[in-house]
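A short write-up of the structure that comes next.
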Amino acid sequence: MKRRLFLFFASALFLIYVLAPVAWLVSSSFHGEAEITSRPPHWIPHQPTLENFAAIFQARDRKVTYETRRKGDPATGGYIPSTARDLIPSMWNSLVVAVSVVLLNLLVAVPAAYAMAKIRFIGRSTSIYFMLTTRVIPDIALVVPFFLFIRTFGLLDHLGSLVITYLAITVPFSVFILVSYFESLPDELDKAARVDGCSRLQTLLRVYLPLAAPALVAVVLFTFLTSWNEFLLALMFTQTPKSQTMPIVVASFASDFTISFAFINAAGVLAVVPPVAMAVIFERYIVSGLTAGAVKG
Amino acid sequence: MSARAGALRGVFGAPVSRYDQASALWLLAPMLGVLLVVAVFPVLYSFWVSLFDLKLTRPQRVPFVGFDNYVDVFQDELFWQSVWRTTSFTLICVVAIMLIALAMALLLNEEFRGRRLLSAMLLVPWAIPYVANGLMWKWIYDSGYGALNGVLFQLDFIDKYMVWLGDSHKTLWLIANAFVWKEVPLATILVLVGLKSIPADLYSAARVDGANTWARFIHITLPALRPSFMLVVIYETMMAIRHFDLFFILTEGGPAEASHVLAWHVYVETFRKLSFGTGSALAYIMALVTLALAYWLIRTLGEKL
Amino acid sequence: MAQIRFQSVGKTYPNGFVALGNLDLEIADKEFVVLLGPSGCGKSTTLNLIAGLEDVTAGSLYFDSTLMNVVPAHKRDVAMVFQSYALYPHKSVYENIAFGLRMRGFGKEEIERRVREAARTLDIEPLLERRPHQLSGGQRQRVALGRALVRQPQAFLMDEPLSNLDAALRIAMRAEIKKLHQTMRTTFVYVTHDQAEALTLADRIVVMKEGVIQQIGTPEEIYDRPRNTFVASFLGNPPINYLDGTLSADGTRFVRGALSLALARPLQGQAGRQVKLGIRAEDVDTRQMNQMLTGRVSSVLPVGSDTFLGVDVEGATLFFRLGRELRAHEGENVSLSVNMSHAQLFDSSSGASLLWQ
């Protein structure tokens, strides 16, 4: 009985720590302008409203008139910016980049991981260290050379530059996850397949890939989330809404003091929903994909 | 061997011997290519740039200055302050992450109804983009209407709303809190994996040997978790040292440089002062330090494996 | 030092599974008791209840006259050797053995003395500074024994400690454990599914099946006077042979088709009853004596010291163990005499012995 009680309180504490900030974020996004500035805060909005979300989805139609400006508390400048309409297109940009990065990652990382896990060749351990070392380099160190390079080629403000850059920060980890997982699969399958006449490529595609589903899902998930959430490099390489990704647009709302808090929170909620949904749905793959050999590695 | 058994085959089907160099090279080529272009090249190029006085404010004149940029960097008082701030930030974060992750992993290791729900919820902070994380905490920390003020006020811990992020004594701690909150899930998973690999028999043997719950924790659980802890420490140290996003969203290095960490310093130097030469030098120093630190950590902690 | 007594003990798990039902068992002080049975029979559960690793859900467990139901494992004075040895991987052999003494607050000199003595007894002194992963299976086994030895506990519990060893080592270790029991003069409770082990080690054997005790007795009693077909089948290698048949009208003979064998002692008032005759593999002889059975040889398997003979008798195939000098061929007819004074008789449907209860 004592144990049950203890577990109950510990779980409650756990849930509060993990969810309360997010719950407040969501709640705030349904606050109207007047309510958002109440002291102490209304934990659950007394007059919930969808106007913040409406602004994002219908921003094309809204015009900033004297009336709409006046709706807010002038002290906090709580108005909804016309740039709200940039949020949805930016999410689209993020999606395009993320999907491209995922596909490229799979193309590049899977064969490499198979080779490192199952083939004996000179330079095997070197390749592994090399790959791990590249991940240790901070993103900052990549910014200057890339910026100069991209600027010279006029590729600034182009989604392609983001895709290429993101490969640098995602490929090593993808390879790491896959190598760990491949290593946990029996070697005999490889030998049996190749004696049966499969080339290395066929062995990889027909035998190991189907077995590596959890690791593949983990790689897709990690890569997608890393691309979706990435901020610094996107900040450097994008300049107009044409190529700006979601984090940039959301950040721009935050730095403008005149924008309504409720609106900022709504933007945050939208930014948060896709990755969180993906993570929660694919939770068990994350754990199993990470753990095959992760601790030993 | 029957006649039917074929020879081992390489990537494209040609028979090979045990050391399959050719296949390996073909399969590795894309990855090596990508990494060379997007990882190795920038590092080398940035070193090259750091040897010049490249200011984007006057891009036409780019004199070669050798290691002058580096000297400038090391003579900048602000640089050393950022190093100090980064170090304290990293230390606070890593310790906090370890403790919280251990507690949460211990909880998740128990069997009880609703554990799956807890596991699923655990990933929420991890999935949130740092940008949104920053926004969320900025709103919570807000001095005018924030939730932190609200909660403390309602619980009678304070009698009027306080300034949080704007208070230079509290800034780093608050940013650390936001960082830790988001990093804890991954660390928890890593520790949980370690916990699950401890054979139940060891605990039984310890109980029979007379060890109570606390003794079992000290003598069995903690020693067995060393590899997990090492992994968490190394990974989170790397993440904390290079972290940028929260510093941009929450405080932009302020107030009065209270949160001016190394990553921010590089950003300011490069993209606000537009001094690419020194910016590169800084980035390069940072990369080297991170590499050295990773190497040192793995060497010292890795031995205990 | 301790008598262990189970009084109507039951163990039911929260999911409803009944591991033990109404167990009554008395283990005398200094006795070597073996819990024998197939996997899932509840023998390990019984051991865990003695150790306190699991809780009794019904009935009472006593050490001498102390009720132990709510006493936690770390406060009981028993030692246990696990099948997997469960050595602490991060501690040296010395520390592994010393751990239990440290937990109980012994002084440094006392610990040193006891550990060295145990190491000497088990011949592992040179290994004291090593870590478990540097030891062979047999060495780890000794360390596990040492860990239990030093404690000088009220009872020694062993959960299939030899099953991970190879055959030769197992037999050697059996002798060591037997010797240990004689020197320590403490209660030993030993769990195994290996009937040969049980027969060599035990003062008394407790045969269990599905959470219920089938029979308790000395090895001789269990082997010669089994109470039901389960017990009879479990001991003996190769397993006992069964023939279904009936008792003659006067209760003096077993009849199956053309086969008719006189019982050693006639059974009163059982005329015509459906019975199972049990003949152990070693209870036949090639010399032609009184009670004979004839059949056709179906298989001949020489195994070095013996020959296993498969014989078809009245529609059933029986396996016997005979000497190595036996010359027989498949398809031949053979006549063997049966030692009916060792034969068992069971009720056909219930399996209960008609000779011993």
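In order of appearance the chains are A, B and C, and numbering begins at 1 in each one.
In this section, a residue touches a chain if its C-beta (ideal position, glycine included) is under 8 Å from a C-beta of that chain, and two chains touch if they have at least 3 such contacts.
If you're wondering where the values come from, they're calculated on a predicted model, not measured in any experiment.
A linear topology is adopted by the chain contact network, the touching chains following one after another without closure. Comparing mean CA positions across the assembly, the chain most remote from chain B is C. Each chain gets a centre from the mean of its Cα atoms; for chain A and chain B, those two points are 15 Å apart.
Look at where the CA atoms of chain B average out and do the same for chain C: the two points lie 57 Å apart. Taking each chain's centre as the mean of its C-alpha atoms, chain A lies 60 Å from chain C.
For chain A, the set of residues touching two or more other chains is empty. By the touch criterion stated above, chain B contacts chain A in their complex at residues 5-14, 18-21, 23-28, 30-32, 34-35, 37-43, 45-46, 49, 100, 104, 107, 110, 112, 114, 118-132, 134-140, 142, 144-147, 149-151, 153-154, 161, 181, 185, 189-190, 192-194, 197, 227-228, 231, 238, 241-242, 244-245, 248-249, 263, 266-267, 270-271, 276, 279-280, 283-284, 286-287, 290-291, 294. The touching residues of chain B, counted against chain C in their complex, run 199, 201-202, 204-212, 215, 219-220, 223-224.
The residues of chain C lying in touch with chain B in their complex are 51-53, 72-76, 78-80, 82, 84, 86-91, 99-100, 103-104, 147, 151, 157. If you check the complex, the residues on chain A that touch chain B are 4, 7, 10-11, 14-15, 17-19, 21-22, 24-25, 28, 36-41, 76, 104, 107-109, 111-112, 114-116, 119-122, 124, 127, 130-131, 133-134, 136-146, 148-149, 164-165, 167-168, 171-172, 175, 191, 194-201, 204, 225, 228-229, 231-232, 235-236, 246-247, 250-251, 253-254, 261, 264-265, 267-268, 271-272, 275-276, 278-280, 283, 286-287, 290-291, 294-296.
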